[in-house]
Amino acid sequence: MEKLLQKIIGECYPYIQNGKVATYIPELAKADPNEFGICTISFDQGTNGFGDYEKSFTMQSIVKAIILLRALEDKGESEVRNLVGVEATGKPFDTFNYSDQDLKSEHINPMINAGAIALCTLIDGKTYQEKFQRLLDLTRKIASNPNLNVDEDVYTSEKATGNKNRALTYMLKAYGIINEDAEEVLDCYFRACSIKVTSVDLARIAFVLANKGKDPITGEKLFDKKHAKYINAVLMTCGMYDGSGEFAITVGVPAKSGVGGGIMAIVPNRMGIGIYSPALDSKGNSCAGIKALELLSRELELSIF
Amino acid sequence: MEKLLQKIIGECYPYIQNGKVATYIPELAKADPNEFGICTISFDQGTNGFGDYEKSFTMQSIVKAIILLRALEDKGESEVRNLVGVEATGKPFDTFNYSDQDLKSEHINPMINAGAIALCTLIDGKTYQEKFQRLLDLTRKIASNPNLNVDEDVYTSEKATGNKNRALTYMLKAYGIINEDAEEVLDCYFRACSIKVTSVDLARIAFVLANKGKDPITGEKLFDKKHAKYINAVLMTCGMYDGSGEFAITVGVPAKSGVGGGIMAIVPNRMGIGIYSPALDSKGNSCAGIKALELLSRELELSIF
Amino acid sequence: MEKLLQKIIGECYPYIQNGKVATYIPELAKADPNEFGICTISFDQGTNGFGDYEKSFTMQSIVKAIILLRALEDKGESEVRNLVGVEATGKPFDTFNYSDQDLKSEHINPMINAGAIALCTLIDGKTYQEKFQRLLDLTRKIASNPNLNVDEDVYTSEKATGNKNRALTYMLKAYGIINEDAEEVLDCYFRACSIKVTSVDLARIAFVLANKGKDPITGEKLFDKKHAKYINAVLMTCGMYDGSGEFAITVGVPAKSGVGGGIMAIVPNRMGIGIYSPALDSKGNSCAGIKALELLSRELELSIF
Amino acid sequence: MEKLLQKIIGECYPYIQNGKVATYIPELAKADPNEFGICTISFDQGTNGFGDYEKSFTMQSIVKAIILLRALEDKGESEVRNLVGVEATGKPFDTFNYSDQDLKSEHINPMINAGAIALCTLIDGKTYQEKFQRLLDLTRKIASNPNLNVDEDVYTSEKATGNKNRALTYMLKAYGIINEDAEEVLDCYFRACSIKVTSVDLARIAFVLANKGKDPITGEKLFDKKHAKYINAVLMTCGMYDGSGEFAITVGVPAKSGVGGGIMAIVPNRMGIGIYSPALDSKGNSCAGIKALELLSRELELSIF
């Protein structure tokens, strides 16, 4: 397995040149585009990694999967579903997703910023400090890594420059979708995006989602099976931004990418994959990362179709 | 003339029933829908009023004409034009006016909220207190009424509930159209919208615009002739929200309405008109007010076409 | 006057280089970009022309004003208004002008293709041959030129390549706005666009519109005064495509341009202007023509604002 | 298995009342909303059916999957991919799917009308008669039913009323995406939509797609494995119109619905399902059919997530 990962990293390395690290958040612009790591966890092969798989980076949009899970666990499927729809929007990640019409819950989904921000309000907790702590605790538990924490520099940078997210949040308020204090909700969201992980952490989270919520080692139920399916289904239809359709064909598994350069891919009942390579294509997905998943999927027949 | 105004008010009174007072700002919802006043000022007939023409109400969007004038006077046509376009958007007054594309200056105009908010940043003044004071002073000067002031209740109400305007302002920041502190810019804009006037004040402001910037009594130049034409042209193409095209046909003069129930109409070289009737149609224009202008235009052949 | 026109042509000639002749209809691509003519007709100065003001070209979108007039005369304001709205769309001339929503009459106006095509169905006549003949006869009458005719090559070229107009027409049918045979309606529209005129013809048509429908020489009523105002108002708000707002500020009179390179400008109660210069800007308006109107307006104070 | 199908039909029967048969094509309006049938084919249970599973109806949009397959087999993945994108549009099935921008291949996908119409041009064959015959032959082969044929009344009805599809086709031509004769392409598409099948036929087609292109009985390769995955992936992300996201969560398998009342669902490596119940929800999907798939998926754990 490790040999396969090594071969794949070798073959995909040139694709780094097709991308650029994200620059819209100044702190992300500091990433080294040449870093490239991959980690897989499966029942039959255990944990395998190659390259910069122990380098840490911020989750960014990947945390949307955890926000959705936290909201599902705290409030249940129907309350989540009422607040945030599940249809692919066919729009970029930061889209306002409407033209003249009123903004409605059905116009957003948990994988676009407006949807993820709205879902932060459904997390249990009296304060947004408490809500965020519950989110961080859940991430640590699924990743089986109690040391996960926020990258304070990225968080501060996001908070200082996140005006599109501010605009989205005030739109949610203007249309009555959320009623809470905009800056508090945003603070929770910006912190969530800034949680630092490695490819190993992502592979482990993906593996629990692939294993329908059960700890793959202890067999302990970490969250509801139904919620794993809900999340995997949403990732399949809109986890890779505007590239979700292409990804379904070439890789064929649920996955979520983040502008920090990470991709988390879930092979149901079989494998969790974490990748890191911060040079992004025009849609915001890791160039080399997507190519690596394509090769891995072909090599191991991972597609669920 | 007064008889004509009386007759028009009588004929248009029933149209009040087709409308409703604005409710999206709680304080505006307190307006009495049955109030209806009209005032005209012209060289040959002087000042004439009928009905509730001395009742005061807040300018709301009508102040956009003054914000535009203040910016033109302070920074000149080309700087204003670079920041905010002049094309009709075919969109409601609070529209985001774009779909997926980047927001650009050419997508906004001075008569939609985003454009008016952006223009507040062009007013001279070290602080937003100073900027607003310059705007208020200009309004007082053109209205020839040093007592004009902000309705503090409406201002507080707008500020508390203006989330769509907040969203617009953060969008302007996100796309680099403005760089200033969102809440300060908005404070200036909310104050401006809350300036209290009567139909007489509006008629007087309109008369100065009709008279190309010169005080109709003293002949003093209050502002640049070029700027009067700029404003009148913008009002002709987009002063009445989504009803601008209809209004051009039925009335045929530049005008600006506000959700406070006021309409200011400019008959170039001839007359200024102020109307107040707070029951609005679905486009945000005063129902009885528009009807009154239609009759007045027909009666006096006001159309410039 | 002729001296002024000569001076203006001289000053505006360099602006030709900023534009390109239309190429989307192959036949139009053959126009000579260096041709530039202007003609004015007014009560005090009579008819004056300079440059290529006797060169002929096809009306293209300028004919939309005549289609609107023909429909108004044949069916009256309210039937016209019910079929085609009057609001500026803030969209290019060939826009579909909607997103997901149903297409409605209020989404179109007489100056965008969909609106003009729909209005062809309102012209009296048993066949589309008859309808077109009525349109041509009206054009000849207002232009006071019985020799006006269709440019068969342009007509054939438009018909062969007008797939966007075909798409628009089928959309109008799909949404029940029109029910007639698409190809017959389009044939009438393509013929109308291909009527050949000179700057003199345009100036004369404009002068009648400026004179509220009366023949300026004989005083004969050629059409209803109300309809002249309707058309002038619509031209003011959306006659110059996406450049209508800019044009209102810089020139300040109702006008209509066509991709054939013509502009017809109406100075109410005063003057008719025809211009020809086929190099177009990105919005589809004649570059040198717009500049010439700007200078002429400044020189003679033509703006109605 | 048959008992389970009987139970499911019983439980889902009341959902028929939530829907209405399609009326936009007059001939479809004649369908009996009370018909309801289901058929499953799997390796372990063979073929099972209940209710009106032998009633025939027209494929409508379900044939889009076969058009895509035919194009993939005739021209290969890259040519198909260049002509028609694969991203979910977040738009209804008959959408124009753009606003002001140019229409591009990436704005359409094989499951919206514009995409399916465009793909008809990629089918091999000198004439559109030949192209359609190749499509019908492929449908017959996969369905293992040489008697499949066009419902001439529905075909004639579609052809007479399909103006939205005509508009879409002329748009494709206007933007150079296709260059062929619009009416010929449409004729092929309308015929394809009018192919009559039963739930058994759909189950059988689905089973071959689930079996990666191999005949489940003879093992014969009917089409390329890669193409089965391509189609299943596209169906997963946009096979159920605007309800694709919801369907991924509640059912969790690739599927395609048609306004004729059919749904074809593919359980990779395991089962093919055909359903017929013509009462549709507002998104154009069979009400009772979707509910039946939901129950079946829960009962048999069909979700691939």
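In this document, chain identifiers A, B, C and D correspond to the written order of the chains, with residue numbering beginning at 1 in each.
FYI, contacts are C-beta pairs under 8 Å (C-beta built on N, C-alpha and C of every residue); 3 or more make two chains touch, one makes a residue touch a chain.
Small disclaimer: the values here were computed from a predicted structure and weren't measured.
Residues touching across the chain C and chain D pair largely coincide in numbering: over half of the numbers involved belong to both copies.
Centroid distances built from C-alpha atoms place B farthest away from chain D.
If each chain is reduced to the centroid of its CA atoms, chain A and chain D end up 32 Å from each other.
Distance from the chain A centre to the chain B centre is 47 Å, each centre being the mean of its Cα atoms. Chain A and chain C, compared by their mean Cα positions, are separated by 54 Å.
Of all residues in chain B, those touching 2 or more other chains are 91, 99, listed in ascending order.
Interface of chain B with chain A (complex): residues 91-92, 95-96, 99-100, 163-164, 166-171, 173-174, 182. Residues 85-91, 97, 99, 109, 228-230, 232-234, 236-238, 242-246, 248-249, 252, 254, 268, 303-305 of chain D touch chain A in their complex.
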